[in-house]
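Handing you a structure now.
As written, the chain order gives the labels A, B, C and D, with residue 1 at the start of each chain.
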Amino acid sequence: MEALLSSGKRNARKRIVVVIASLFIGILLVWTLFSNMMIGLTLPRVVTETPAPGSLDFNFQGTSSLQPVLEVELFNPSGEKPTEILAREGDVVQKGQLLVRYDRTAKEQQLELEQNALKKMKLGSKQLQDDFKLAARGDDAAAIEAARNAMESLKLDLSAQEKRIQMLQTELTDRTELRAPFTGRVTAILAIENIPSNGADIRLLNTERGMQFDIQIPAGMAAEWTEGDAIKVRILGKDSRLVEGRITKMEADSRKESNMPEGSDATKNPASEERQTTKEMVQVQVSMHDKSLRAGNRVQVELTQSAGGDTFVLSRKAVHQDRNGFYVFTAQSRPGPLGNQFYASKNYVTVIGEDDQRTAIAQELWNEDAEIIVESSEPLMDGQRIRF
Amino acid sequence: MTISRNLSRLLLSLFTGLVAAAMILPILLTVTNSLMTEREMSFNYGLLGVVTDASAQAKFVNLKLIPDWVTLSQYAKLLDSTPRFLQMFWNSIKLVVPIVVGQTAVATLAAYAFARLRFKGRNVLFMVYLITMVLPFQVTLVPNYLMIERLGLMNTSGAVILPGVFGVFGIFMIRQFMANLPYVYTEAARMDGAGHGRIFWEIILPLTKPGLAALVILLFVDYWNMVEQPLIFLKEEFDYPLSLYLAYIQESERGVIFAASVLYMTPMVLLFLYAESDLVEGIEHSGIKG
Amino acid sequence: MNRSWVRRWLRKDGIAAIPFLAPSLAGFCLFFAVPLVMSVYYSFFDQVTDGTFVGLDNYRELLESSSFRKAAGNTLLFTGVGVPLLILLSLGLALLFNRQLWLKNAMKTAVVLPLVVPIASIVMITQIFIDWNGVLNAWLHRLDLPRVDWLNSDGALMIILLIYVWKNIGYNMILFLAGLQTIPHSYYETARIEGAGSLRQFWGITVVYLTPTLFFVILISLVNSFKVFRETYMLAGAYPYDRLYMIQHYMNNMFFSLDIQKLSAAAIFMAGFIVILMSGLLKIEHRFLENIS
Amino acid sequence: MKKISMFVVSCLLIVVFTGCTSASGEGGTDNQITNSHTEQPGASTQATQPAAMPSPDPNKQSTLVFSMYKRDSYFETAAKAYEKEHPNTKINVKYIVKNTSEDISRAKQEKFKSTMIADFLNGKGPDLVVMDALPADKYVAKGLLANVGDMLKGDPSFKKENYYMNILDSLQTSEGGLYMLPLSFSLHTLTGDQQLLEQSGVHFNDQSWTWTEFLDTIQQLTAKRDDRYGFMAFDENNLLLNMARTDYNRLVDAVNRTAHFDSDLFLGMLEQIKQMKGQTVLYYGKELKQTEGSKGFPIYFGEDELLTPYQYFQYAANMQNSKEHSLVFYEKPKAEGQQPGGYFEPYLKIAIHAKSSLQPEAWDFLKFLMSGQASAAAAWGANDLTYEGQGFNGTFPISKSLYTAKTDNMVQAGPLQMLEGGPVKITEQDLKKLDSLVTSANKPIFDGEILQIMAKESPAYFHGQKSAQEVAKIIQNKVTTYLNE
């Protein structure tokens, strides 16, 4: 009887223990789930990508506008107003070709005047000769001398006058016309018929010397170039085509990518703000010889460089930099009490090349199927737990 | 008659109570101190291990049974900001439960052979078993390490569980119980022509129940407390059991050591409370009388 | 002759033993016996791999080591005092609990609970008591006595003994209680009817029928006395006070000195000692069991 | 009974042999690391030969296992760089913790120690191992480490003039073996205020002084002026360790396994350290507030460990700031009759497993590591000069050429921005002083169980808890136990 009683008590006690035990385990279990969830919520959220094997075609596009190598302004030689403009803008002119005729009347009138003066002088000279003959007959040496002198001086005057007329005559032929000093193309007509001009009348471009433009190119891409190399240049516009240009000058440029003049590819994207890449640029001058080129034409240089070898390509945003070099965070899973937990792991990488969107890194053992963290809700640290 | 009996019972109870109180004092201390704030902890025990100048005024640690302010902050901190604690708790369960179940099964079988069967070499084999139980872990660590590596178990939980399953303590304990059982129990069955399997299953096993209960408790305690094997044979920290957390508790975590201890002890205490009734439920209740 | 031996072996319970023993034996060989044999092997060589056979050199060296002798002596002292003390106390408690008591279950639980206290907690509580600034010294201070560095005094052994007894008394008590349950009540009733006093009942029945349990408890106490090393190590480090320097310290230090040969040799000494002790006990037990039957 | 035991033993032996044969059968297909693991009898004989190391076979595929307790990023970059140069060699860098903050409780360190022991003793150890967290002397005593000194001597491609041979030579054991090559080192020196010392008129010779002479000197100094401390040591314990290290051979007799910590020598050390603390002779701490009325450094001597060049340049910066006081480095006291030369502490000590079958490859890689070719920082910037997190890259390298390259870069780079304080101009003269410190260092700082026992027990004396005799006796007992194990 006692035994039965005590066994009943025992069973009751066992039940209590079982209840307590299941409570204890239950609370811990709930807590594990709960704290895992709570911790999960406070973890930085990340977006990952798997790096694609492949090579990065590193593209560069830079635009610039063409500038002539030699372009001259032809000035009105005489100051007369142009009477006839023979050239038209865009005309290709040969050396010596007449471009503008100027008003001749003023010059012709002056010539006439001078010629009249000459005639007058010639008449005067007859008089003097007679005077001299007279004086010569006399013995007045002084008078003879004076008469000779007068005659000599008139002779000089005469020749001077003749010279002047000659000058006027050439002036009349030369200065009343504007001729092309070299073969080239008229780029602008500044003169207007019958209106006197005091500046340049014609702008003429030397087509033999060609066109040129300056452009900044990332140093890495220009590394293999030397002066004199040919590069392909695209002429922008309606009939865009490729023209060959030649490098005439290369010099290192200390300016950063961001303040490039013709803002070639410095499109402001968040990544480049995040990671200030101080890309080294090279100033390159390219000259081109194509008759059809116009100054101011937009030209574009397109470069493609393949970041060679076994590389992985990933978003540029994923690659960070510290004092030891470039690194990425990979998401690594470790078994936890409730399934896998993910941790950020810092891995240094060798950057082979990059463009504004993507970065190519050297293939290494760890990164074959690593999940690389592209974005995270807060800055990550090595070994930090993360969630997706 | 009954008065003197009751008096002696009272005196004995009082005496035993005193002993029990002394025994439980450190545990009580652990529990009550686990309810202290961390500040109180460091105020009371901050001087531990600190070398103080003898010339200065004598200062001592302050042993306190009742906290000034009862709080669960230690537990909160432990469970909340130490996620690995919970993880290690489950790890412990994952390691210990298979070991206890496995060893109990394997040991019960082997113990029957050692206790009830007579075969040549029994005593020598038993002695060899015995030696391995007594030797410290380091003695066989080097060959053991080699063995576990060769078996491909390194850094898996198998490296801890399997040696545990084949541990010899259970054999000793159960053998002891089985050997004690009077042969009269089994003789009748033998006469009826029952095989060893039946005898084992139908007669011996039920009679060994208190022994099994004791074994489960002791094994659970033993393996819940193991330190070296998981440290050396498991690689990753997230596989480590709770015993490692407590064995290598950091100075900075002293504030939570008592709370951690309480949580650590709870499964063992519960198991003990549960199995205790089986422990005393001896032959007298099993219906068989000698 | 060989064959007849096998046949004889099989004729007994040998075949029956195979299914019972096989799982245990397989795992045991893999994880315990092979490493043990390898350890024995190491103890005769000068190096673990590619060593040359040096016979008993390692053992000679071991015995020449004054530290080993010290460790062995200390261990003998500790177990010699600790194990009997523990057994007496736990047996006493078990007998107490075998009687009618109030709040028996609660008190029993209280006694057994130290078993489950984690080492870190034990170490911390011990420190609270024995530290230079600890509670014991505070009491001494109040009595105007000089403080004691307990771990570097002869009291250290007492402290470790206390921890050992405190921790294992519940363990042994469980074993004793379980053992006591195996003694049929009828024996006592018979004895009472025959007019035996309680002392006679104790010696004649309890002790006699508890003897097998007792041997087991001795063994377990011995094993557990070796396990108290972990607490000692955490309290006092690899080189504790002379009195505390046990054979486990020696073995542990040998391991970290990579001296597996001496470690193995020391282990074999220890094992030999235990085998002698245990085979003695087993023989007595054997004879005893035969007596009962 | 005999038969029974025979049966059991034979049963066990069968299990053992089947276990071993099946295990060695597995060995072949184990993994690619097996190369280094299979116990070839040739490997051990090779290890004992002091002859020239054959150069690695370039056509052989091999994987070197390189184990360490704590990761150093230099090893990883170096391994990658080496693999690139030697496509047939793979380097498997294994570490237990990424940084020490992971392992405050030292559980991982214990794991590392234990697993290394198990690995090495099973003949499966790594080909190269960083010994910083391991008791190297025990490994050497067990013949587990190859004598890299022989490899170094036998290799014509190893240019001795490119390395600080003063460091390497002084790391040789008493038998002349060199088992570990440090990749870097720190310098332990005394700092002193030159002006003040000259004004004081007290003469001393830091090239040869012993601790007694040094302590006498500072006592003389403080006897003249008492507004200054004679010597600022980190703490009593550290000073005791320093003193014990110099007189180590008089305190510990390893051959006869006796210790002399109960001797008057050691008691004298203890008492001297404590006694001088009361006066202004000794000050313990790392920071000293300037006392009123005295400018500059209110101490005559301080002690310092230059872990990285950064600390030296910090001193140089201080020198520039305080015109009246010039800080000069003096040598720490040494044992009587010892050669002049400063103390250094080796770091990143790398050893080669004596039973490795890939010793030529391992040596080649070790050479590569020592050369510092893969050192990430070409120059020592302010960030690279600090030790924290930098590991190898911030320290004094064993390679002279690397050191020169780095310092050259630094001089050219102009004023150096320090982490705190303005830019400091590093002059050739500064560097010359540092050079002479580096090239004269020839006494390694060592640690060990005995010193640790000492460090653990002696504070009780310094804080007045126990008498010197009591402490000395405890130390003596524990050390005797250690020596006689």
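Assume a contact is a pair of C-beta atoms (placed from the backbone, for glycine too) under 8 Å apart; a residue touches a chain by one contact, two chains touch by 3 or more.
What you see is a predicted model; the values in this text were computed from it and never measured.
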item: Set of chains whose contacts include both chain D and chain C; value: B
item: Taking each chain's C-alpha mean as its centre, the one farthest from chain D; value: A
item: Pair joined by the larger number of C-beta contacts - A-B, B-D; value: B-D
item: Chain A and chain D, separation of their C-alpha mean positions in angstrom; value: 58
item: Inter-chain centre distance, chain A versus chain B - centres from mean C-alpha coordinates, in Å; value: 80
item: Inter-centroid spacing, chain C versus chain A (mean Cα positions, whole Å); value: 89
item: CA centroid of chain B to CA centroid of chain D, Å; value: 43
item: Junction residues of chain C - those touching two or more other chains; value: 30, 33-34, 38, 48, 105, 132, 254-255, 260
item: Residues of chain B touching at least two other chains; value: 51-52, 120, 123, 128, 141-142, 146-147, 247, 249, 273, 281, 284
item: Contacts with two or more other chains, residues of chain A listed in rising order; value: 13
item: In the complex, chain B residues that touch chain A; value: 79-80, 83, 86-87, 89-91, 236, 238-239, 266-267, 270-271, 273-274, 277, 281, 284-285
item: Of chain C, residues touching chain B in the complex; value: 8-9, 12-14, 16-17, 19-21, 23-28, 30-36, 38-39, 42, 48, 93, 96-97, 99-122, 124-125, 127-129, 131-135, 137-138, 141, 166, 169-171, 174-175, 177-182, 184-187, 209, 212-213, 216, 219-220, 222-223, 226, 229-230, 234, 248, 251-252, 254-255, 260, 263-264, 267, 270-271, 274-275, 278-279, 282, 285, 289, 292-293
item: Residues on chain B engaged by chain C in the complex (per definition of touch); value: 9-10, 12-13, 15-17, 19-21, 23-24, 26-27, 29-30, 45, 47-52, 58-61, 63, 106-107, 109-110, 112-114, 117-120, 122-123, 126-136, 138-144, 146-147, 151, 162-163, 165-166, 168, 171-173, 176-177, 179-183, 195-197, 200, 210-211, 213-214, 217-218, 221, 224-225, 227, 243, 246-247, 249, 254, 257-258, 260-261, 264-265, 268-269, 272-273, 276, 279-284, 289-290
item: Interface residues, chain B side, partner chain D - complex; value: 51-55, 120-121, 123-125, 128, 141-142, 145-147, 149-150, 231-232, 244, 247-252
item: Chain B contact footprint on chain D (complex, rising order); value: 3-5, 7-8, 12, 19, 23, 26, 104-107, 110-111, 114-115, 117-119, 121-122, 124, 459-460, 463-465
